[in-house]
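Sharing a structure with you now.
Lettered A, B, C and D in written order, each chain numbered from 1.
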């Protein structure tokens, strides 16, 4: 099967996820600069989630550059990833409206762990489909960066149970770590 | 007529349907794990509907691999399918917010029956357009799986009128039955 | 300029317009079949608007089959059409929630007139760009069907000022008239 | 890396931004023409923002006609632009619901400045990637029009602090200035 519709569908879902999150930022009733203060925590969450969806889209983009075709297992692994990312608007709104309280920050980290795990599963499904000797498998190598991220998310959740803002800072740190696109694949691509 | 815009438009509608359903999950007012309990039924409905849209997208994807071009009748049969799928966010929200009460569960099943019927009509319109001797017609064969699904949805609606949760379980069973992608077509595709 | 991004952007906007209209159908509070009655007028409006967006997408699809490339004027004529269609969710919700009262039905007709006019302008812009001797210009011929539609919409608005439901019936009649895709272009396409 | 997915993703985000803005226009409770008056300021804001998104989509379209491939830096510069444009529904709703009061109009101008700056950064990233001798670099030349726009937005913000409606008029003036598509690139394209 061709990969083009999987890419188009994923682009569509990610574009909607990234855009409807802004709907969680309710228009404030006041008209002063102070009335924007109430929106600030939701705005910060929005920025963080926007960057995360951007990272996933970026890495998805890089990853599928090396994909030749897709199997049924890949289609479902991809939908599984999109499922967890589609929960981001919900947890973004919950964390933001409650000004980074403990439980919402911890649940946000839980969604990040599930999305990162779903991405690892997707990569595995693609490698299984293409074979261990494929350009894709060689470009990916080990998933060390993804596994480290999951561990740090776990640290972030534990941190959040003590100091919620610090936990959110840990998530922001992982985002910063990923802002650099996946060099493993760019190196492999013919220039 | 080319099939590419029909695919792009369907991908767009399905991507939006699958994503706006999450908007039915209202951010809870509390900030404890208990406050998530109130969202749990809507979340379960969301998972079920997400899987259903995923199945339809998957089967649509498989089906159109064998489609060469489309006619006016195919365009409208496709829009008819998208119409019933676009009602999923509405019935998902209704069923979830009312914690799987009788009538919403029955209406949810009614929408599933209409969507499944619309899919059968779409398949028929494609076979009429391509001819009974086409690769598409041979790959589809009989629509036995689709017809069985409609019968089981009917059983689910009757069950729901007695035990709503059991009725929802019947719908989940049909979803599980379809999680395996349509082998009929994958077999026919040149490898 | 290539036409592909104009098509993709239009598909995106129309897919979103057709899908967010369903958000105007608010989940009812009751859980009986009777509680669905309150949603029925919005549902009927949704069906009508869904068919209208389907018609526009269909005709847009047909029209652009013959388009070779696009100019700046075509881009803006297309955006102008999308603007009026993007108002459909608003007037659909207004007409439906007020059970087809006089003013909302008349305003709905006004939006239909503007969208139909915008479509005529788009066709003219395309003919200007391709030349009067082009396959496109010959396929379109006169815009008689579009002009008749605008006249009937006007009749519908006047009718609505007296009998709102009858006015809505007139709009439904025009929709039925257009359900048959544009044969002018299908005839011209190489089979 | 290919540019096609960047274009598809951008088209998706812009299509959603342009369409969900209409959701800020709440269906009025009354059913008279007078009840539409309350919606008028939001409608005017919607028209202005619709035109702005149209301009960005148009210029993005023109710009990427000359783009051959994209780098990681370009992907992020593009996401950065989409981020600021995704804030348009929020500021549109805020400005409209408060009938063009001072602070919302000033904040709206601030978002316009950020979006225009993000566009300049995107153009710079593309030129860096393609080289100063590329057709793209020669077609762009200096970014004088973009820089002038930013200056006028600044004038608009200062004006808005004194006469909010006049400030909004300044933004409308810049929009009018851009309605003419970017001739620099159209001239360079092979006809």
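Note that a residue touches a chain if its C-beta (ideal position, glycine included) is under 8 Å from a C-beta of that chain, and two chains touch if they have at least 3 such contacts.
Everything numeric here is computed off the predicted structure, so don't read it as measured data.
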item: Relative to chain A, chain with the most remote C-alpha centre; value: C
item: Angle (degrees, nearest 5) of the CA superposition of chain C onto chain D; value: 90
item: Self-contact between copies chain A and chain D, residue sets same or different by half; value: different
item: Euclidean distance of C-alpha centroids - chain A vs chain D, Å; value: 26
item: Chain centre separation (chain B, chain D; CA means) in Å; value: 37
item: Chain A: positions in contact with at least two other chains; value: 8, 12, 15-16, 20, 23
item: Touching residues on chain A, where the partner in the complex is chain D; value: 7-8, 11-12, 14-16, 18-20, 22-23, 25, 27-28, 31-33, 36, 47, 50, 54, 57-58, 61-62, 65, 179-181, 186, 189
item: Sites on chain A touched by chain B in the complex; value: 1-2, 5-6, 8-9, 12-13, 15-17, 20, 23-24, 72, 75-76, 79, 82-83, 86-87, 89-90, 93-94, 97-98, 101-104, 107
